[in-house]
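Both complexes below contain chain A, partnered by chain B and then by chain C.
Here is the complex of A and B:
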């Protein structure tokens, strides 16, 4: 009885035709199809970027699906134009994984060394925040995705290495966040400033000029001081809002704010 | 001395070796010319050649399966070690060889180590029995086919021993399944073989093959061949009858606890058995080392032609096994039993009846005639 109930429950009776011959036929067809050339490519020696694969995929799907061609926002290894980098540090600030170190590169003056980002791809999550933050557009993301290496140390790309990638003119990610026009500006808490020149020295865009001002409010009866006091004036249109001046100020008299 | 059989080659090598040694160390020449010593050494050389040949073939068989299975899955299989990955399995073997073999704390040492070893050794014994060409071995065993089947069915015992002694529930279940599975396939296999015996009139594999020089048994005994090959699949524990290994349920079945070289033993022995099983199918049903009459006789009289023909057929049969592996899902125990008892046994009985009929009427129009029953 039990067997009968089971038999009734089945939608189709088990027969050799459907259970054995059909799979055998399917497998044989697959075998014959892939005997000449299986779909799997021999990756390091053949690539999906190769023109023949590109064509094939484009034909089969009717449109390129990111194979061989790159999506607009593909985010691979960075390219860095060392020549236009202004050492503003913004990329390192914006990196959520703290994988950017600013390292000295040749080309700066001894007092004001030129520093460019060095990226540890062992940590990088390819978020692209750094290239969005870069005010000069010199740090961008390319389509390069092959990073494997036997040594962990080789995952750290020096600025020179990323400059080489830049020089190869790989397709680069053209999408950049628009930087808002009326961001906060750098404001000065005037009474605190001691006119030390640190911000003007370190500003990457050299938009800070130190202007002479008389010492404010000399005490009655005192002679005005001989010494000329200085105070930074920031050219707001050149400022890239990197915050370097704030971080170097010894008296913490620079801060973010809005001009009123 | 004509080097016609493998034994002759071994004897030639052994006596040559002893001759060289006795020339280098003259005082030993009296001892070394002893006939028993030459005989013993030739037996060792014989065994060594046989072992090397079967191991190399086994490893090539694994390569063959990997490549073929790759194509079935739209892949390429092993590619990079050696030409088309030919040396990949040697590399894998080397890796396993270098690994530590360790025993679970609660496992039984004797069974744990003896099981794989015995499994390997009994599987290799097969090649001592199977003739692969006319000139393979000198002495012909009158019951070699039965001996081959007996050796073949040792395996579940050792599988069960190693599974039980590794003290793991998955291993144990796998081992028990392996032992229980025998009930399903041993009887049909033997019945299918009876049909062959009825037609050929012999239990000797050499005779069975030479009886097939005019026509192969796969014509008249097609049903028996299907039953035998299916039974062999179950005997080798290959998909779709790999219940004892069933990765989805039993981790790795009876060899769950094994690693390193012991695992390599199991792996190799599995393929040794696959090779032996395919050779057995070829010997019993596909004419062994004979070729149909329309091939020129000059081709078959070339040296080693018999072995090459047999090996080509063997790889083709194994290719069909791989095809089945790629296509079919694993069956359940009850399904296996039902296949064994309700499909395969009636089919093999039918083919026995047909074989008897064939022998009685002597000639059937399409299938040809039974040769003289001299053997």
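Here is the complex of A and C:
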């Protein structure tokens, strides 16, 4: 069958005859250059993040592999300082991949065990939202990037394992987000509060204190109740805005807002 | 001679990703083509409806894996319009700087992949070597080499580190002579010219009719560039020319991209000059609480209604390295976008392939499709 479509072809280039030597010359020059200064490194033995190696591969040296001090900001495996972690849950809340679980670590009191993040690196996307959200700066990202393992279970890094990485003192991502100046505070809807103490008990920074108040509005002719009612008072300067109190409140009487 | 169908893809060196080009050939000649896409569909638009405004940015880096910064910029602009947030001046300049670096990196990546389709190995190695320097620059201020997660709704995550302009200028000084070298390897080679001249012709009126944009449209002689026609960010404050060519074939697209790289370097130098002399905040203040880094529990329902955040719709368009991209973000209140929709330039460019492939030989498919600059990640989303 003869095709109905019209055959199209190349057009002969103008002024391009005999231009075969130009690319050959360019490539040969590059080849000669690379004999003196190769553009590659011998990876397992030489590493770009090695501080000793940085000057050598910087662009001034004519061996263009890196541009100098770029590794400090790298977002690799996390380092966790278990001692300063306050179990505020903010890293787990901010994770878009839901790869952070809060697991119990030894060190807390038996009633309220201390919980620290455990990260599943099979799911992690290294976006850095967790270390941005960390109010205490105990979760940060390091320059470590070698994660390959034969077992899937080994991709899950426990808090202890991340603490070991922390103790190795690798360069950590120095960029810290400043807390916004106009942050909302946690406010209390007083008539709804039953004084159950759940918020003060679970507050990671212990910025909530329960103060005693007499029960409001006794009926006329009735004596004020003897029972003491309690009400939380939140210290805004210590509060890290983690919202733990909001999620544990049984009556939903705590909410976000600005002081009027 | 009888005709037959040939499947070029989903695993084929020509495809640059996962898609299938079904070709009906009569001998050597292409009679009919049928592009099949959708192998890389990840449902990014749907997932975005269940993510915080800032968390969608992690998906944007994965939408197009060679132009992540451009897609972040696109989405962030749309979300800002929907939420009614104005980013600070310095953040706009940093965004423009990032997008131009990304255009440079993407075009170098295109150059490396395109010439390898033609069988040239050394330009591929040179291209990958030089692109790495731009990735290093990205790493120095974002922390990622390919997935940056750098822009935020209302600005950017952090300011440029100290000494960045000097480092960036060194890289640009290194790259400028490299572009001359690239040209010597390709346009200076008779083999390259004979392989590419007069192939894949798509005229300007056909481009407009089919929605083909970007370097493909500009190679047909049309001076259409969103950066000039509808300036966003701070493109109205920098000087650059729109690169065009007349031949509307593979060589024309090559020339347009090469000229765009030179214009990018020109924009970058101006942006670096501005950034050196104008310090300032990079993240807008008075952002809603749920747009900051901590995403604590929202608590009782109706909090947002109580605060009465304005609802809105945001439409943004940018000149992505591959063409004109567009984002549509609907804000119905709440911490998640109600709907996110993207217009991918490569999807339109690929869908029109029957108009620039039919009539050529089957051996011409790799150069022609290479000149389209396919990124399947953004085609399927």
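Everything below uses one rule, namely that the second predicted complex is superposed on the first by the 191 of 260 C-alpha atoms of A that agree within 3 Å, B and C clash if a C-alpha of one lies under 4 Å from a C-alpha of the other, contacts with A are read in each partner's own complex, and residues count from 1 in each chain.
Here, a contact is a pair of C-beta atoms (placed from the backbone, for glycine too) under 8 Å apart; a residue touches a chain by one contact, two chains touch by 3 or more.
Just so it is clear, the structure is predicted and the values come from calculations on it, not from any experiment.
> Where does A:42 make contact in the superposed view: on chain B (first), on chain C (second), on both, or on neither?
After superposing on A, A:42 lies in contact with chain B but is clear of chain C.
> With both structures superposed, pick whichever of chain B and chain C touches the larger number of chain A residues.
After superposing on chain A, more of chain A is contacted by C.
> Would you check which partner chain A:241 touches, where first means chain B only, second means chain C only, and both and neither mean what they say?
Second partner only, chain C.
> When the two structures are overlaid on chain A, which partner does A:128 contact: first (chain B), second (chain C), both, or neither?
second
> Applying the document's definition of touch, where does A:93 land relative to chain B and chain C: first, second, both, or neither?
The answer is second: A:93 touches chain C but not chain B.
> Tell me which partner A:26 touches in the superposition: chain B (first), chain C (second), both or neither.
both
> Considering only the contact definition stated at the top, list the common interface residues of chain A for chain B and chain C.
20, 23, 26-27, 30, 39
> Can you name the residues of chain A that touch chain B in the complex?
Of all residues in chain A, those touching chain B are 20, 23-24, 26-28, 30-31, 33-35, 38-40, 42.
> Going by the contact rule at the top, pick out the chain A residues touching chain C in the complex.
Spelled out, the residues of chain A in touch with chain C are 1-13, 16-20, 22-23, 26-27, 30, 39, 59-60, 64-71, 73-75, 90, 93-94, 96, 125-129, 132-133, 135, 141, 173, 175, 177, 180-184, 240-243, 246-247, 249, 252, 254-257.
> Can you tell me which positions in chain C touch chain A when the two form their complex?
Where chain C meets chain A, its residues are 2-3, 26, 29-31, 51-52, 54-55, 57-58, 122, 126, 129-130, 132-133, 136-137, 139-144, 147, 149, 157-158, 161, 163, 167, 170-171, 174, 181, 184-186, 188-199, 201, 251, 285-287, 289, 292-300, 303, 306-307, 358-360, 364.
> In the complex of these two chains, what residues of chain B are touching chain A?
Against chain A, chain B makes touches at 68, 70-76, 79, 323-324, 326-329.
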